[in-house]
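Below, chain A partners chain B and then partners chain C, in two separate complexes.
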Partner chain A sequence: MTISLLYALVGVVLLGIGLYSLIIYSHLVKKILALNVAGSGVFLFLVATANQTSGPVPDPVPHAMVLTGIVVAVSATALALALACRIHQVTGTARLTENEPE
Partner chain B sequence: MTRKHGDSLDSRTGRVMAAISVLALTSVLGWTVWTLPPFSDRMQRLVASNMAISGVENPVTAVLLNFRGYDTLLEIGVLLLAALGVFSAVPSPVILSKSTPSPILILLLRLLLPFIVLAGGYILWIGKYAPGGAFQAGAILAAGGILLSTAAVPFNRFATKTMSIAMGIGLLTFIVVALATMMVRGNFLQYPVAQAGTLILVIEAAATISIAIILTILFIGGNPEESPTAKDEGDKAFIIERDNTTK
Partner chain C sequence: MTLPAWIVSLPLLAAVFTFVFPRIRIWAGIFTAIITPLMVVFLGREILAHGAIQMQVGGWQTPLGIQLYADGLSVAMLGITAIVIGCITFYARCYFTGDVSSRYFWPLWMFLWSALNALFLSGDIFNLYVTLELLGLSAVALVALSQTADALSAAMRYLLVSLTGSLSYLMGVALLYAANGTLSIKLLATTGAASPSIATAFALMAAGLIMKSALFPMHFWLPPAHANAPAPVSAVLSALVVKASFYILMRLWLVIFEPFINPSTAQLMGVLGAGAIIWGSVQALVAERLKLLVAYSTVAQIGYLFLIFPLSSITQSNHTAWQGGFYFVLSHACAKSAVFLAAGSVIYSFGHDRIKELHGIVRRMPVSMFAFALASVSLIGLPPSGGFIAKWLYLNAALTGGHWWWCVLIIIGSLLATAYVFRFFSRAFSYSPEVVEERPVPWIMEWTALGLALCALILGFIAPAVTTLLDAGNPF
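Coming up: the complex of A and B.
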């Protein structure tokens, strides 16, 4: 087992932790954090597999994908936080509630 | 099943179901990762054999701005969309402090901002040969913008107007270059080999400015409102920061 494989597996575990928290928690900020943890897992997996080449130089294509992904994740997080603020402002709570009476 | 305003899913069955399905998914993914072939460097060889026509020497920059330019074009579009979304979701930006900025913070910013701008410009330039480029440089410059806004440095009318215009300059430059190359070479974003390096630098410089401003705006939660008490130091600092990045 190589170090890259270990990192890739840790990435998969992070994705699992993120997905579980995303389902379990009803607070919107926790959901956003969970999505970020899951996303970090995907980035870690991509960077780790990029290192699994025969030469000393890692594969540049996954690196470019992760760079793009980080920027998109940051902007999506900012938008999600802004929407969460708005939801808190309108409904008075930052949680997702189920079947609220009218 | 009633749900209180608890922190998490109250129902035990719900939690167990979630845990089981996530565990199953994670195991399948883990198994797939475990059984992946050890080496797969076909993409890497493809990139390496085309480096000569990319116009840059750093393979990551070549992939980002040349071989997969579409991704980066759309990514800058996503950034702009997120900023517009924040504009429409948040009625007014967070006012961090109404008090006048502390003279210590102003002094610190005076010392730090030139280095931040220098580092941003260097990272942008070095992206041609080594790790670096528009996104890293934009993030460094955005750190400067965030420092300015957390230190409660007021923005004047010129700064806020320039910020809202400069938000779109990266995407605009990218699209103009893409259309121009389409007219010359017939394909969207297919750079002429001789000019590829210059075109990439032009796009990256414009993108750096947009990224820096959009990230700052995303942090503040909207365009900073023009402050009636705007003083000279804050405005100058911000204008200098932007002017230097365009060179």
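Coming up: the complex of A and C.
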């Protein structure tokens, strides 16, 4: 087993853990953390694909993608946290209530 | 040819300007709403004359540079975006007058437009991911604008679904890149053979995009988000934002995945679409609020879009089905935004949208109700309207291949649509002697809704011109 294959597998496992936690936890901060773990899994997988080129220089494209992805993830997390705070202020709970449209 | 870059950057610049200088926000927004459609017209003329164009932003070559790509399909989507957002911008100017949320509405609105334009012009699958996220983030913030508990929960649910969908899509991108070593849609079309990694990539990308387009049974987030957002936002979410992820799925299917896909996958998409049509229409029939009715109608109409996959897998009618699907996208965008704007005017005037209490509103706001009725003609699919042409192309495609059961579904869907629209109209046209407190609706709000409804109708008359535009640059 090569080292990049190990990274790729760990990435997939992290993605799985993240998605699982996203579904089973109802607290909003846990859900946001779960999405971040899942995102890190995808980024780790992308980094592992950079090792495909022959020779010592890795492929720069996946790195560029991961950097962009991190920027996107940071802004998405910021928005999610701001929304979670607002929900806590307005409803007094940091969980999504079952507001079935009446 | 730098026009595609300007189409993306003008709304982006306007977004930054309206945020930094809130005093000029309305004028900056209206300026953009006039100039961007003109640029799209010029781009369309260029493509009709010379075929598809490519542009390397800043002169950097792929894979590191950003490639913009425009063909007839992209221009049609850019055009409908320009029409819908352009009209709603004028509506929003009146809708938000004197409202504190106006300050945040304008920058987010321009970001949303920029993200949509960038999405329709992207030539590689990773840029599509970035634009998809930009679109999702600005849409979520717009839903949360009214800051009520319902709107905030709806926005949060929408954000979680949207982020999960994007992550799934990004994992698909990573797999495709690992298998083929390129991100460009054009190059991916020519490389690669069927392999487990392509199949997994397709499954991940399709799952993510289906969540974002709210196809049944992943539609649970859509009705609360679209019903609780301010009216201009609901209109653009239903008209354009859900179509954006559908557009990506169609592009990928057409260019990259079509040769590898097993026919039963296409049938499965069709079955989900059928579920959406039936379930969405039935929920619209029992909805008690007008905006919720319209939101469930969107769930049903998205079902029609996904019928494109089984219909296009019939070899003889492949091209008809693709055109039908895109005609659906275009006519639904005009019709649904008109309906949402009319419903928004009702809320603006009466302060609520409980259908039971809307007796006799036809006499109070005749223009808005006329817009609602005209747009409903297209939603139901009666001639002469864009919705009719779309359903006609679908029926043709289904009958050529002998798949008559899709025709039965389309007819049932149209009957259900008639039923839910008339349930509202029977209230709106009834006579009521009581006088209700109301706030006068500015004429611009009523007439922009009518303008969009007329666009949906006009699409029924200019079918040859639109199909020529769709075919420019051979996207299908």
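Note that the second predicted complex is superposed on the first by the 98 of 102 C-alpha atoms of A that agree within 3 Å, B and C clash if a C-alpha of one lies under 4 Å from a C-alpha of the other, contacts with A are read in each partner's own complex, and residues count from 1 in each chain.
To be clear about the criterion, a contact is a pair of C-beta atoms (placed from the backbone, for glycine too) under 8 Å apart; a residue touches a chain by one contact, two chains touch by 3 or more.
Note that the structure is predicted; figures quoted are calculated from it, not measured.
**Q** May I ask you to decide whether A:83 touches chain B, chain C, both, or neither, giving the answer as first, second, both or neither?
**A** After superposition on chain A, A:83 lies in contact with both partners, chain B and chain C.
**Q** In the overlay, answer first, second, both or neither for which of chain B and chain C A:31 touches.
**A** second
**Q** Considering only touches as defined above, state whether A:93 meets chain B (first), chain C (second), both or neither.
**A** First partner only, chain B.
**Q** For A:74, using the defined touch cut-off, is the partner it touches chain B, chain C, both, or neither? Pick first, second, both or neither.
**A** A:74 sits against chain B, while chain C stays out of touch.
**Q** Which partner does A:61 reach: the first (chain B), the second (chain C), both, or neither?
**A** both
**Q** Go through the superposed model and pick first if A:45 touches only chain B, second if only chain C, both, or neither.
**A** The answer is both, since A:45 touches chain B and chain C.
**Q** I'd like to know which partner A:15 touches here: chain B for first, chain C for second, both or neither.
**A** both
**Q** Taking the contacts chain A makes with chain B in one complex and with chain C in the other, which residues are shared?
**A** Comparing the two interfaces on chain A, one with chain B and one with chain C, the shared residues are 15, 19, 45, 49, 52, 60-61, 64-65, 68, 72, 75-76, 79, 83, 86, 97.
**Q** Name, in rising order, each residue of chain A that touches chain B in their complex.
**A** Those in contact with chain B are residues 2, 5, 8-9, 12-13, 15-16, 19-20, 23-27, 30, 45, 49, 52-55, 57, 59-61, 63-65, 67-68, 70-72, 74-76, 78-79, 82-83, 85-86, 89, 93, 95, 97-98.
**Q** Mind pulling up the chain C residues that touch chain A in the complex?
**A** Per the touch definition, chain C meets chain A at residues 63-64, 126, 129-130, 133, 136-137, 140-141, 144, 147-150, 152-157, 159-160, 163-164, 167, 170-171, 173-174, 177-178, 181, 183, 223-224, 227, 287-289, 292.
**Q** What part of chain B is in contact with chain A in the complex they form?
**A** It is residues 3, 5-9, 15, 18-19, 22-23, 25-26, 29-30, 33-34, 36, 38-41, 43-44, 47, 59-60, 62-64, 68, 71-72, 75, 78-79, 81-83, 85-86, 89-91, 133, 135, 211, 214-215, 218-219, 221 of chain B that touch chain A.
**Q** Show which residues of chain A lie in contact with chain C when the two form their complex.
**A** These residues of chain A touch chain C: 15, 19, 22, 28, 31, 35, 38-39, 42, 45-46, 49, 52, 60-62, 64-65, 68-69, 72, 75-76, 79-80, 83-84, 86-87, 90-91, 96-97, 99, 101-102.
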